[in-house]
Structures are given as structure tokens and as C-alpha cells.
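Mind looking over this structure? Questions follow.
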Amino acid sequence: MTPAIELKKIDKSFGAVHANKAIDLTVAKGSIHGIVGENGAGKSTLMSILYGFYQADEGEILVDGKRVDIPDSKTAIAHGIGMVHQHFMLVENFTVLENVVLGAEGGGLLGRGVAKARAELKRLADDYDLRVDPDALIEDLPVGLQQRVEILKALFRGADILILDEPTGVLTPAEADHLFRILRVLRDEGKTVLLITHKLREIMAVTDTVSIMRRGEMVATRKTAETSMTELAELMVGRRVLLRVDKAPREPGRTVMSVRDLTVRDSRGVDVVKNVSFDLREGEIVGIAGVSGNGQSQLIETLAGIRHAVAGRIEVNGTAVDPTRRDIDPSRIRALSVAHVPEDRHRMGLVTRFFEYENAILGYHRDPAYGKGAFLDIKAIRDAARGEIEKYDIRPPNCLLKTANFSGGNQQKIVLAREIERDPAVLLVGQPTRGVDIGAIEFIHRRLVELRDAGKAILLISVELDEIRSLADRVLVMFDGALVGERPPETDEGELGLMMAGVNREAAE
Amino acid sequence: MTRGALPRWADYGLMPALNLAAAFLASGLVVLFIGENPVEAVKILVWGSLGWNEGIGFTLFYATNFIFTGLAVAVAFHAGLFNIGGEGQAYLGGLGVALACLALDRYVPWWVTLPFAVLGAAAAGAAWAFVPAILQAKRGSHVVITTIMFNFIAASLMVYLLVNVMAKAGSMQPETRTFEPGGRLPFLQDVIPGADFGTAPLNLSLIVALMCCMAVWALIWRTKLGYEIRTFGANPVAAVYAGISPVRITVVTMMISGGLAGMMAINEIMGSQHRLLIEFVSGYGFVGIAVALMGRAHPVGIILASILFGMLYQGGAELAFEKPAITRDMIVVIQGLVILFAGALEHMFRPGLVRLLAAFRPTAAQAA
Amino acid sequence: MRKIAALGILMAGSILSASAFAEDIKPAVAYDLGGKFDKSFNEAAYTGAEQFKKESGIDYQDFEIQNDSQREQALRRFARNGMSPVVAIGFSYENALAKVAAEFPDTKFAIVDAVVDAPNVRSVVFKEHEGSYLVGTLAALASSSGKVGFVGGMDIPLIRKFACGYKQGALAAKEGAEVFENMTGTTGAAWNDPVKGGELAKSQFDRGADVIYHAAGGTGIGVLQAAADAGKLGIGVDSNQNGLHPGSVLTSMLKRVDVAVATAFGDAKDDKWTSGVYVLGLKEGGVDWALDDNNKALVTEEMKAAVEKAKSDIISGKVEVHDYMADQNCPF
């Protein structure tokens, strides 16, 4: 059978960066083909060439056995190639239907096009189990449904080949599962799916074939059924990788942070954290598991002093903090030896426009070690940053580079280095490995365990259940703003998943 | 790999040069359209502003104003604040300068008056920026709206003061009495041996302006406050995370900005006019926005952009003298084109330039 | 001191005979910040210069300044280029001219609306309050409600001088007359805001006024328009604006800046230049009220008689019109 897509010797450079080196790839029709690789391996560049965002310097593209030129995304669509981007390209205050039609109105008169589109949308929804209310506003939809609209958009334009770029990054486990079901239906209906991801679990769960990229090269292609996560990880990183974290049992010490009856209200007046109480002891990692959006973010931000609570008490190292007081701010919390690695490093943890060394002092810039009086001691700051770069293997090892130029994993290391190197008694960590490649995940996990072994208290929030289960000594499950139970990390994934979904709440108590 | 990255020399040298060339090209077409020779017009403009001592003096005199107002806008930019109230802050700065000069000029030499004038200008400008700042910080009223409203309030207040309170008796002019020598800054040509700027009012304020450039550079890139200002401007959420108070930074930055704008009055009032008069700011505050944009909010860039606008002001006046067909409004059109190309359309040539430079790169990379 | 009306005639008469001197003078005029097409007194100056050019065939140079620093620069630049006479329009030139006139003692300068005491400067100022008194008289007599209005441009002493004279005239003509007074603004923009001018006029009409006098440059265009729209009466200023809305403009207070400029040029050309202060009031013909075909139906014989009596009383000194600028105060 003619392959859906064939890429031959595709080569692409950006200045000095050789992003794709003579890539060959064959994607069979009616299959789900995964492409894995660390961040910066060249996956996105390759897909952008296929979708017409970039032009290859060399090589050729065959769609359905025919050689084609794809100078822009319009041509890609004409050849039946559709793309679902990592960051959705939807107009927030338009309805689903309007978004689907946008750019494919079919004639100047909107009315007829829209009526036709409505019928088509219904057919697609029935055929592929892609049900979305066509008249709902995008901004009112959860991300999982917004993604579905993106898929509908591509199908509406007649896509036979669907490219999904890191589609699960924003999804809850349940939403991801639903997405995979949809992808299987699409495949069974004869569509071809290209799935780009760095999550090996997803590759194993849903793909038929998987191609592995490393540093701009296509290093291998395997039948999914004939490979293993360990093999894929090795191929991606180019060396053996530890997927499980080695962690010796450790008896926790005294309590360093205790939280009692913490309630947080958001700007809409809704209680997002409800009566939360727990203790955090020396030498333990406490994991808070939960589907994203159940109050974990607000909890960690309140503990870090960014948000204010409406009720509750916090005690850190014997010092009482009233989290309802307006004069509590992150610098006061930091002064109590509480460090915070925020969930979203781009939005909160870093100023990506700054040089690396400038981010190395964010939040600690008033520290006399970085300059006396009003002035900054640039040399001292750069020296400290260089030390952290070496210790945390941050690459490229150049503190005079803009932070935006570092990969996700290295950016995360910058944040971690900054927070850990202050030797805090308590470390609050949110989503430490989100958008981070495998090599860096391993490093970050090891570092957190070392810190625990050194007797620090760590509060870990993650939507990756695997991560919580492998790192935490105790798992607290959060649902709808409240802690619904505590489980040991060995607990069955299914049971935790049910608790995270709010089922079995009574039983959990 | 970030898209659209340019080497530094292209970003800071080639891009502005291209933009400027495009601006002059467009202006040339306009000049051609009204039936004058564009090459000659450029000649007059350049000669008029740089070709003779007095022209240079005037160019630098205007540049001094722009440096102050440009720095004011730039400092606010770094905190992500758009202070377009430089006009009003400078106007009030004039009040500060005038009060210092009127109080002291009869008793002490200028160098005693100067620190008080600087203080008065900065304090008055800062005070005028304080209210919009506090409204932004506490109430979320956008500074763009409030500062522009404060420009009007400043104008009303100053007219009231000049007409009813400070005017010298029996004069038609809404203006104060002329300062005695104790309230006048020396002209640069009287201070620097051998310098000759003709009758241009180029005065010691230029030195003050350059000192402010250095101070602003140090503030923004070498102090903890500057670090906080930049953090707040680049990522307000990260700033809160870092324990930086948005209220404090907004108010402090706006007051520094207002203070710098106010200091423009030292050049006009103490350096040139030697009296406080109505509407002396006449647009310098607004041009400061363009200067800060062109100068990329960096003191060195601001100095260069200020000289460019000084040239346009001085050379433009010469042009209007020499070519009656090129009116004052035409000069404004040309200035507008420069702002358009260098400010608003700053990135117009960027994609093309990136592609052009990238085209030369792969071969070099492969060879290496 | 000569009478400017006489100057006008002399000038007109001498143009024909004096062409021999035509090459000898290079006149120039420097306008104020408002620019030469401000529909106000800068434009009046421009009209005067153009008139001179048309009648004598001698070209002139002019310059519109952009900022205060250019005042000295412009005057000096003209003087250096050998231009003479150089006429500066507007009181804001006072300081600049005082300085530059001293630097170029051989150049003839003139300034309108201010006094500069130098041997080579002719200063021309007007008694706007006298002209305003006359139109105030007319306004009060034409009003049936006994309420009249005044819309000023920028709130400066000069405009208050207009307002004060107008008030005095209105009160003298009709005891107990009510005069509404509004200034358009406090910045230069107030000279060129016809929309706001119209709004101010409307609000005064709403309060019962039926005649409104403006001293507001371009803003006044809106005032006169509003009066015509409302079927009420407006009064023009500076130049004769009776023709703007025939039948709706009661009269205009004439301030002959054009004559001042043309005369300065003409005197230089005819070698009749004199320096010194010219205070041009009713007596000198520098200010007046306008009566032409456009408004003659509006002015009754009684009104005409009353205003002419007022005029002769002022000229004779029987009536003294208060000058706001003398004590920065209006007693009415």
C-alpha cells in the first residue's frame, strides 16, 4: 500500500543550528505513528516543514506517493494535512461553529456556509465521537473540549493526515484517555495520525509505530508492540536511563510546616481551597495528587505567600504565619526558609527576557550577598550563577544567554538551582517536570530525593500520577479544593484515579 | 531556536539605519510631491543642523530636552508603564525650577541655585506623576488615560498660576519676571574654552542631561530597584512571585519618570528662557515617547535618538526658512514619518532582514 | 502719534509712486505659535502682508515658529539675512525681540500686541476694550432678553480685556443687563476648537442669552455657527466676520492687525519708518465696529445712533473704558 507520507532526506538549518539532518520517514496509511524525542530533537521543525511553516533546505515530501511542494499551510491543507497545535489557535469569544468555519467560510455569504458547516460538524461528531456543542463559546469550554474543536477544524477542512503536537500537555489523565479513544476511532475510519510527544507512556498506549529522533537525526523506527519504554528512553537520550527513582526508606523527622484549616477564595468569590490541614516533616516528600484545577495551584501559591487565605493558620519552623494578612508576601515567606518552584516557570518562575544570571537571583535579589546597599554586585551574581550552572549541568553553560534560549528542561533546572541552593528548610514544588525532557526529568527527580535525604521537607504537586507515586513518601489526594484522603505511594493507580475524580469520597475518609 | 533572531550589530545598527533611510525616502517623496528638490532639502536639513556652530548648538539644545523626556518615558517603559504625561510633568517641573530661581537668583550665584532648581524640577514632576501612579497601583486606572488627563490639568493649573499669581505686574504675557544671573545657567560656550555655538541657547543642562543618562543606566541595570523595575515590566506575575510589590514599584517608577520629565524644565527655563512662561513644553514631552521608542529605552540609544530629533527640529526650521513651500506643517509630517518608520513600523524590515542574513549563514555553518 | 486711518490712506497713495525703492526693502513677518492660518489675528497679519505684496509687487518672507526657542532664532535669522522691516506677531515675541533688536540696531522691527522699548522697534498695541465696549453696547440693545454672552478663547489677560470692555459697554447701554462669560480653555488649543465654541454658545443661549460676542480665533467660527443655527445673533472679532452668516452676525469688532502689518511694510518702503509705541484705539482707527450690507438690516437707527454716540464719547474722553490689563481686574 502507498504510504500516506514519505519524507526523503529532509534537511533544515537555522543559522548555525542544524535542526533536521537528512531525515527519512515513512508513515503508513491508516496508522497512528508516534514521533518521540527530547525537547530540541527536531520533531517540531520536521512537522512544521510538513505543514508548510518552514521550507526544507533539501529533501522531498511525498504525500500519497506523489511528490509535493508545501510552501504554506494552505497547501498542506489542500493535500489533506491538518495540524493540532500545542497552543490552540482558537478565537476565544467565538463559538465552536464560528471557529470551525473561520478561514473556510466557503463564499461571501456567511449564512449558507454556516448552515452547511453545522450539518458537516454534526456528521463529523457522529462519525468520530467528537461531540461538542456547536454554539458554546470557546472560552467557556475546558481545554479537553477546546482541543476537540481543533481536531474538528482540521477534519472540517478535509484532513486525512492529522498531526498532533504534544496534545496531552494540557490535559487531565481522563481527558488524555478520551483523546486516545478518539485517535483510535480516527485510525479505524482510515485517517492517518502523527503524534508528537516526549511522553513514552502515551506512545506505548496509543501508537502502532514509533520513530525516535535525537539531535536532529532520525535514529530508529520501531513497531510499538515490539519495543519497550526502556528501549525508547535509551534511544531518545542515547544512553541508559533510570525510569524509576531509587529511594531508600527514611524515617521523617520533626514537623517543619503545619497547615490548619486553610481556606482560599478566588476573585470570583468561590472557595478554591477548603479547610485544608496537613503536616510536612523533615526528610519526607509529600505528594499532592489531583486532576489539574482542583485547588492545588491555589494551595501552593497561598503557602508561598502569593495568595491570601480567608481562613486558616500556617506554622513554619515554629513561627506562626497568618495567611489571611495582607502584609504577607513571598519575600516574608522566603525569609522563613521556604523555597518555591512554581508550577509555571514561564508565567511565574522566570523572566524569560532576562539573562540567565538575572534569573538566578529572582526573589533573592535583595540578599546582601548580591550587592551592598542599593547596588547589585554583577560579578558576584554571575559567579554564583556559573556555580549553579556547573552543579546542575545547565546547558548551554553560559550565564550571559537570554533565558528564553534555554530548553524547557534547562529552564527548570535554573529555577530548581536557584531555589535549592538557598538551602531551604521547606521546598514547595509544582509540576517539576512539566514540559521537561527525559534526561532532565531523571536529574530533577534525583535532586529532589537527595534533598529529602538531606532532611528537607518537600511538598510536591504534580498532575503526573507516575511522578507522585515514584517520588512521594505520602500521597494526599485533592479534589474540589479539599484533601479527600491520604494513601501510601504504592497504592494502586486505579484507586488514586478514582479518588482524584471525586468518586468514592466517603470510602476514602 | 528563536525565530527572527538578529545579530547584535544588525539589531542595533543596521535596523535603525534601514528604518531611518526608509523614513527619509518617504519624506523625500512628500517633498517631491510639493515640487521641491528632496536632495537639496536633505542638504539644507543636515547643514542647518550640523553644518555650522550655531546649528549644532541648537541641535544639541533641543536634544537636551529630548534626553530628559526620553529618559522619563524609558524608565517607565522598563516597568511596563506607558507614561505619556511627560508634557504635564515637564510643565510642572518648570514651576519647580522657577520657584527656586525666583527665590534665590538675587542672592546667590547660579551654582548655588542649580541644585535647588534640579530638586524643584524633579520634585514637581514626580509629584505630578504621583497621582496617576497611585491610581494605577491601587485602583487600576490606566496610566495612559490618567497621565494624559493630567497633562490638561497641568496646563490649566499653570495658566491659572501664570495669569493670576505669578505674572509680573502690567505685562500682557502670562509669565514671571526674568531671572537675574543667579537664576541663569551659563551657556556652554562661556564655560568650555574655545567652544562657539553662536547665539544658540545651549547651556549647562546638557551636562546635567548626560549625567542623568548615566544615572538612569546605573539605576536600571546596576541597582536592586532597577532589577525590580525590569522584573515587574517584563513579567508582573514573576515579580509578585519574587516578593516585589506592584504598588511600590508602580509608584516609585512613575515618580522617577515624572522627575526626569520635570528636569527638562531646567534646560528651557533656567538655561534658555530665564523666566517661566506659558506652554514652554510645546510637545517635547510627547516627542520623548518617540525618542524612547527609537532609542530602545537605553540611555545611549536615547542620546542618539535625541540628537536625531534635535536635528529634525533645528534642520527643519532652517528648511522652513530656506524653502517657503516647505511649511512648518511639512516638517511635522517629516518628523511623523521618522516616528512611524523608526517606532511603529520598527519591525517592518525585520523578517526580510532575518531571511537575508540567514541565507548567508548555512554555507558558513557547513564550512565550519 | 499719527492716526492709523491716515496711515492707510497715505500708504495706499504712496505705493504707486514709490516703486523706485522697491528693491530696497526685504520685509518679513514671524507668526506666533498658532500659525498663519489660525483664522484669527495671525491670519490677519498674513492678510496684511499679502495685501502689501499685491499692491506693491514686493515679495516678503514669513516663518511659523514651532516652539518658544525659535522666536529669537527666527528674528535673528531674518535680521542676519538682511530682512527689514521684520514684523513679529504676538505679545509672546516681547522678550525675544528686545534681545534681537539690540543685536541688530540697523534692522527695523515691529511687534504687534506688545511694547518693546528700543530705538529700532515699532510697537503696535490695540485698545481692544474700546472696540469691545462698542459691540457690547450693540449687543445689549439688540438683545430682547437683556442677556448677552461672551465666549473667549484662551484664558489670558488679553482676552479678559475684551470681555471687560464688552461688559462695560453692555451695562452702559442697558442697566441690569446680564453678561455670561465663558473661556474656551487654558491652552493654545482653545484658539482652535469650534466644536467647544459651539457648545459654549449653545449653553449660553439655553440660559437666555440672545447675542454672543466671541474673542476666540478659530473657536469663534463655532460660536457664530451656533448663533446662526439657533436663530440668534453672534458678534465677530478681529476681521470683519459679518459675511460668515449674513443676517446672523450682528457686527464685528475690528482689530486692524492687517493694517498694522501692511503699514509697517509700506512705511519702510516709502522711507517713512518711525519707531515708537502706537496705541491704536477708536480714535486712531485701530479698532472699530463693522457695518456693511450683511448686517445693516440688524442694526436699527437707534442702535446706530447709540453706538456712534458711545464712540464719540470714548474718543472725546467723556467715557473711559476700563482696561483690564491696567490693574488685572474688571470692576464690572
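Residue numbering begins at 1 within each chain, and the chains themselves are lettered A, B and C in the order written.
Criterion: contacts are C-beta pairs under 8 Å (C-beta built on N, C-alpha and C of every residue); 3 or more make two chains touch, one makes a residue touch a chain.
In this text the structure is predicted, and so the values were computed from the model without any measurement.
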- Task: From the Cα centroids, identify the chain that ends up most central relative to all protein Cα atoms.
- Result: B
- Farthest from chain A by Cα centre, which chain is it? Let me know. C
- Query: Once you find the CA centre of chain B and the CA centre of chain C, what distance in Å lies between them?
  - Reply: 37
- For the pair chain A and chain C, the C-alpha centroid-to-centroid distance in angstrom is 75
- Note on the structure: Whole-angstrom distance, CA centroid of chain A to CA centroid of chain B, is 45
- Item | Junction residues of chain C - those touching two or more other chains | none
- Task: Give me the residues of chain A that touch two or more other chains.
- Result: none
- Query: Inside the complex, what are the residues of chain B that reach chain C?
  - Reply: 58, 61-62, 152, 155-156, 159-160, 163, 167, 169-174, 178, 199, 201, 268, 272-273, 275, 277-280, 282-284, 313, 316-317, 320-321, 324, 327-329, 331-332
- Item | Interface residues, chain A side, partner chain B - complex | 13-19, 45, 57, 304-306, 329-332, 334, 340, 342, 347-354, 358, 361-363, 365-366, 370-371, 374-376, 378, 404-405
- Can you check the complex and tell me which residues of chain B touch chain A? 1-2, 5, 218, 222-228, 230-231, 234-235, 237-238, 240-243, 245, 358, 361-362, 365, 368
- Residues of chain C touching chain B in their complex? 33, 35, 61-70, 72-74, 76-77, 91-92, 94-95, 103, 113-114, 154-158, 185-188, 325-326, 328
